[in-house]
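Report on the structure given below.
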Amino acid sequence: MPKINSYVDISTIDKEAKRDFIDRHSPFVIVEDTPVKGQKLRVKVRVGQEYCHPDDFDHYIAWVQLWDGDTFLAQANFVPGVQGNQCSQAEVDFYIVPTKKKLKLQAMSYCTKHGLWQGPEVELEVQEAEAGVGA
Amino acid sequence: MPKINSYVDISTIDKEAKRDFIDRHSPFVIVEDTPVKGQKLRVKVRVGQEYCHPDDFDHYIAWVQLWDGDTFLAQANFVPGVQGNQCSQAEVDFYIVPTKKKLKLQAMSYCTKHGLWQGPEVELEVQEAEAGVGA
Amino acid sequence: MPKINSYVDISTIDKEAKRDFIDRHSPFVIVEDTPVKGQKLRVKVRVGQEYCHPDDFDHYIAWVQLWDGDTFLAQANFVPGVQGNQCSQAEVDFYIVPTKKKLKLQAMSYCTKHGLWQGPEVELEVQEAEAGVGA
Amino acid sequence: MPKINSYVDISTIDKEAKRDFIDRHSPFVIVEDTPVKGQKLRVKVRVGQEYCHPDDFDHYIAWVQLWDGDTFLAQANFVPGVQGNQCSQAEVDFYIVPTKKKLKLQAMSYCTKHGLWQGPEVELEVQEAEAGVGA
């Protein structure tokens, strides 16, 4: 396996350059709504939280993947330039329909210069749909 | 080239089954915000507007692509089951940074039973960023 | 749909630059063995037959797709540099198992500067497996 | 990160079912030719060496990736049915042009039922091209 770089809490890191390096490569999973069984849920994957990443031809985020535990859900592939060749945060919202009681969402991303990264796992309880409600 | 099925305005079609068939396979581009040069823009691709598509193992939306004119921007790949194996609308939000004066956005999608589809083209003017504003 | 550039027989074209342009972008399907029902078959997709294509960061073949008629079979995604950043022919061999009497193989490829291309369709009869033989 | 299942030498394993399970999921890198700097090299990725894997709608190899050390080279995506829905070995040949002295090739593959697998790393010396020879 290629080396998997992992997100670490950057508030524990002194050097600004290192905080920037870690943050701008880490694919964060962001879920704003409450997951409900059988109902569509938006799951954002964004590479970087406080810092931005280049979108240069020889240095860009080539793809991100979304996983639920050991289950692969979806992948987005990019070409350089989609972010206007400016410093930005690669971002994509996937939509999934939960069917189990728990979600363990995690994203992977690949930078063409700095390799493979995993973001923090986000564990979420899935609510039962109320009677008469649902997708 | 494989046959490219094209969206046609379903309000012009009499047969309900045909309206359903066309709508549930067509990848629509939906942009809610005003495109501004150099600023990130959310571009939703949703397969189906009024009807839903199966997410069965032998019948699902395998991928969608987003294009700006003849330029490929991004692709999302799915596996069956991401929509909980229920009738749903495959959906993904891409984020792009416009750099030209116009966007001509269009999406393609592939159904493992009913082939390749293109949605309607969405042409958008891109505003200049105001002085002092921008990404 | 983005414009689909199609291969045309370059022996009919006078200008060398145009022959080069067409050939180096066209994804050719090459099958050396006889297709037999139920037996694995190698299907090569090669972008270019007589000319080579750049593998530059801002100008490369980003992906190729293999189709059988209207049925999508497989896609390969590349990042710039896989061909050593030299003029080369993007190439990938897929392996499929035919189940019908005919194959109508065709490839699509995408150049990040010159868009979407389709190669010539290759129609092949599929032999029945001999008794006692097969996969 | 999803769990990464790793190939282990199956000759050390007693139970036939376990040997089969491990072998049929492991993506092997196979290189027949001598790598030469600046010359195209065929790199086969085959999932399984002695056993075959189902190609069922709800159980198939969805994608394989090829890596050189920490550098991603290429990915192939499949839909179920490409192997004729029979027990087979998912397979793809990528073509790369080495530019450094060493290759550390390794493949990843994803089974829609049994998750992410990595095959054994293949380390290869890259020869200098002889004078007057080359791609």
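A, B, C and D are the chain letters, set down in written order, and residue numbers restart from 1 in every chain.
By definition in this document, a residue touches a chain if its C-beta (ideal position, glycine included) is under 8 Å from a C-beta of that chain, and two chains touch if they have at least 3 such contacts.
Note that the coordinates shown come from a computational prediction; the quantities given were computed from them, not determined experimentally.
Centroid distances built from C-alpha atoms place D farthest away from chain B.
Listed options C-D, A-C or A-B contain a single repeat of the B-D interface, assigned here to A-C, on the basis that more than half of the contact pairs agree by residue number. Centre to centre, using the average C-alpha position, chain A and chain B are separated by 21 Å. For the pair chain A and chain D, the distance between C-alpha centroids works out to 26 Å.
Residue positions of chain D with contacts to 2 or more other chains are 62-63, 72, 75, 77, 79, 112.
Chain contacts here are complete: no pair of chains fails to touch. Taken in their complex, chain B has these residues touching chain D: 56-58, 62-63, 77, 79-81, 112.
Chain B contributes residues 1-4, 6, 62-63, 67, 69-72, 75, 106, 108, 110, 112, 115-116, 118 to its touches with chain C in the complex. In the complex of the two chains, the chain C residues touching chain D come out as 38, 40, 42, 55, 72-79, 82-86, 88-99, 135.
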